[in-house]
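Here you go, one structure.
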Amino acid sequence: MASQKAWAVVAGVGPGTGASVARRFAKNYAVALLARKPANFEPIVNEINAAGGKAIGISTDTSDGKSVKAAFEQLQKEMGGASLAAAIYNVGGRFVRKPFLELTDEEFESGWEANGRGAFHFSQAVLPLLLKNTNAEYPPTLIFTSATAAMKGSALCASFAAGKFAMRAVAQSLAREFGPKGVHVVHAIIDGVIDIERTKEYKFDHPEAKIKPEAIADSYWYLHTQPRTCFTNEIDIRPAVEKW
Amino acid sequence: MASQKAWAVVAGVGPGTGASVARRFAKNYAVALLARKPANFEPIVNEINAAGGKAIGISTDTSDGKSVKAAFEQLQKEMGGASLAAAIYNVGGRFVRKPFLELTDEEFESGWEANGRGAFHFSQAVLPLLLKNTNAEYPPTLIFTSATAAMKGSALCASFAAGKFAMRAVAQSLAREFGPKGVHVVHAIIDGVIDIERTKEYKFDHPEAKIKPEAIADSYWYLHTQPRTCFTNEIDIRPAVEKW
Amino acid sequence: MASQKAWAVVAGVGPGTGASVARRFAKNYAVALLARKPANFEPIVNEINAAGGKAIGISTDTSDGKSVKAAFEQLQKEMGGASLAAAIYNVGGRFVRKPFLELTDEEFESGWEANGRGAFHFSQAVLPLLLKNTNAEYPPTLIFTSATAAMKGSALCASFAAGKFAMRAVAQSLAREFGPKGVHVVHAIIDGVIDIERTKEYKFDHPEAKIKPEAIADSYWYLHTQPRTCFTNEIDIRPAVEKW
Amino acid sequence: MASQKAWAVVAGVGPGTGASVARRFAKNYAVALLARKPANFEPIVNEINAAGGKAIGISTDTSDGKSVKAAFEQLQKEMGGASLAAAIYNVGGRFVRKPFLELTDEEFESGWEANGRGAFHFSQAVLPLLLKNTNAEYPPTLIFTSATAAMKGSALCASFAAGKFAMRAVAQSLAREFGPKGVHVVHAIIDGVIDIERTKEYKFDHPEAKIKPEAIADSYWYLHTQPRTCFTNEIDIRPAVEKW
């Protein structure tokens, strides 16, 4: 049964993890879905509303502080006096894989824009709202969707790894600053290929070699329900058959 | 509602995490509880049976291969043809904190006995049973209760840290060998003081500074329910107010 | 005795580690010292030249690609046909320590500018030169001066930690891409307060609680001399009495 | 030129790293070489003595506390009033690689015996001697030869990984307890195949794909010379072409 009193906000909504997270959190909350292009959030916004949930989409570029500010002004009007229960930062940005000496400034910077700067703007927008909600049934939660690249800087992946390492630093710092204030911050290391339309071309021998985005969403929901005496701040998630 | 068809086994059952894990898994499975001293498992065995669940206790010293072998022979008789759904290794052993040059051989060895050797014997006993059960509703699961000492060797803690580091090595190795075979192996880093009778003397400023064992049990149950496309192999768990 | 045939370049030269590294490498190489403000490199440039070595200073903002490009055009003219033996990226940037919600965009970004973007520009400039010099007595070397903040995101330190985590990602990625091509890349975790004029105010109980910059320089020189069969890619350096 | 006043002790001497470390430290110190079988230390003892250095060999099983005790009683007689400058624990033990369920108790235990228990006995024997020598030219040093298996528990390698993880725990704990007392403790991650007679069968495409033991010895010597304001507690060492 969904309470319409509280909201969840998901940044980075496309056909994969973001949409699944939105669907899962929409079972309990109204959801605000942020993406650069409306085409990315419209199908899932419509789907949730058609199914009796409540969803809105706001076109937002999280790497741009002004865009994030405008998005949250709009969101707070929509929310009225309702509280923010959860915030998921699921923006991954481009995955640039090429020789280091061939990287353009813009390509290198893209990892930071999505995973560092964007995480910063989003966190500064949601944390004041989450801090107001520490008496809710479930502790207010901020989850960052990260990747194996947060743990290991592989050859040819300097841009993405720099961004994901930075995201992990921000997540750790926020967990330590805001945990004692009642906000649950999680760095989620998604280690594997997500099973969506776009990744159909990636063929594996094993039928369960890709991660189901619904399962990630379920894990995120579980993390959100953990009580204050039992916070998980870092979790890894991968298919059983993944090499790591 | 407990299915009597499948079992869970918990090694290291006392008044804290072990008892809570036993209670939680007993909602769905028959449970076998292992501890050196019957006094440690008897109260919880009685409690579960009185509440309509099914529990047995077997006196076992996990650091002794023969004792583990005997325990599992007895357990398999009890199980009949039933399957093993989950195994939790929750043996912590003594926590010895003293100057390194004052450690006796026996004190130093105690960290290994509980966390290395014991984990080995238990894993060798449960894995063949878990491997038979990969078509169950939830993937068969092996969880190791670990500690912050698995991540950092602090001064005066060489024995415990050596044991927990070794446990983490075993957990990682098993996750990589048996994950592709359908068994879910988890290293759970419990970072904080468990809130039980014995730790009442540890006073903290904050009322929620200790970890509730029921919340750990709940996390373990959640981990058990993760599908094969979404395994978590390492998780940390701590109170919101913990310094780390 | 300095060979005038090969050069070393040090970015981030002030009174501490940068100056000591410059002095040490100037025993064997001509050195080019980069800093935003000439006042930062002039004393050490003069000192090295007065002592019979060869040093030049180039005013450079490593976070600005054009500035780095101009600096290396000037440097290559100075070098003539000489080769580049070593490059040390020692730019730390501002250390901002404040509540996350009080961070300005500019303050948050400063960690990345110095440690991410600056490391990128510097690396793109030096790697083509280092790659030409893989037959030298000592493998060509690129060292990043990093910090404990590269390993742990502490509360109130999101900006600096994000930058240093990103720097570590870049260093790892470059070590993996360019190691097999003969370039030695090192991430050096300096864990402690450097013993310089500016840190005199930091009083410790122990007389050796601060890191001597000359000792860091000596370690960097040693790393530079490691042969291709024995590369160290990550090293930590701290005072004996440091807590960690 | 060897000073006969101070000694170094190396446990785990065979034809590879141990012999090279012995040769290097014998340039400055008298050396005591420990190995189970005299055949392992005799050639290098003879070589060092023939070259004008001073070396003795003592047959020792480091996993046996009595054997270690007897060895150090003999050693201290040889040393007379001389001091101990450095101790290198280079015992690796068997590398068992096989399916976990096929491991015998003895095979699993072997990783601990060499890397955990042996490191304990050796450390308890050398630390009291090292602590007497903190005013020497170079801080007294205890180095553990470790491996990549200390950082990652790979499939089929549970025994070796458990031992090396435990060794890392002990090294960290000792570094934190004895660093402030002036003893330099190092965990050295040797990541690659050592280039010795026994590994000739391992063929790689690249001529420098194996680690030269002399280069490891040189790194160990350098670590020994680091001053108290600049201790390295963990270092990795690998061939430039190694995948990691």
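All chains are identified by letter, namely A, B, C and D, in their written order; residue positions are counted from 1 within each chain.
As a convention for this text, a residue touches a chain if its C-beta (ideal position, glycine included) is under 8 Å from a C-beta of that chain, and two chains touch if they have at least 3 such contacts.
What you see is a predicted model, and the numbers here were worked out from it, not measured in a lab.
Any chain that touches chain A and also touches chain D is listed here: B, C.
Comparing the CA-atom centres of all chains against that of chain C, the greatest distance is found for B. Mean C-alpha position of chain C lies 31 Å from that of chain D.
Computed centre separation for the pair chain B/chain C is 46 angstrom, with centres defined by C-alpha atoms.
In terms of their C-alpha centroids, the spacing between chain B and chain D amounts to 34 Å. For chain B, residues that reach two or more other chains under the stated contact definition are 176.
Interface note: chains touch in the pairs A-B, A-C, B-D, C-D.
Per the touch definition, chain B reaches chain D in the complex via residues 65, 99-101, 103, 105, 108-109, 112, 116-117, 120-121, 123-124, 127-128, 149, 152-158, 161-174, 176-178.
Interface of chain B with chain A (complex): residues 139, 176, 179-180, 182, 184, 195, 206, 208, 210-212, 215-216, 218-219, 222, 226-244.
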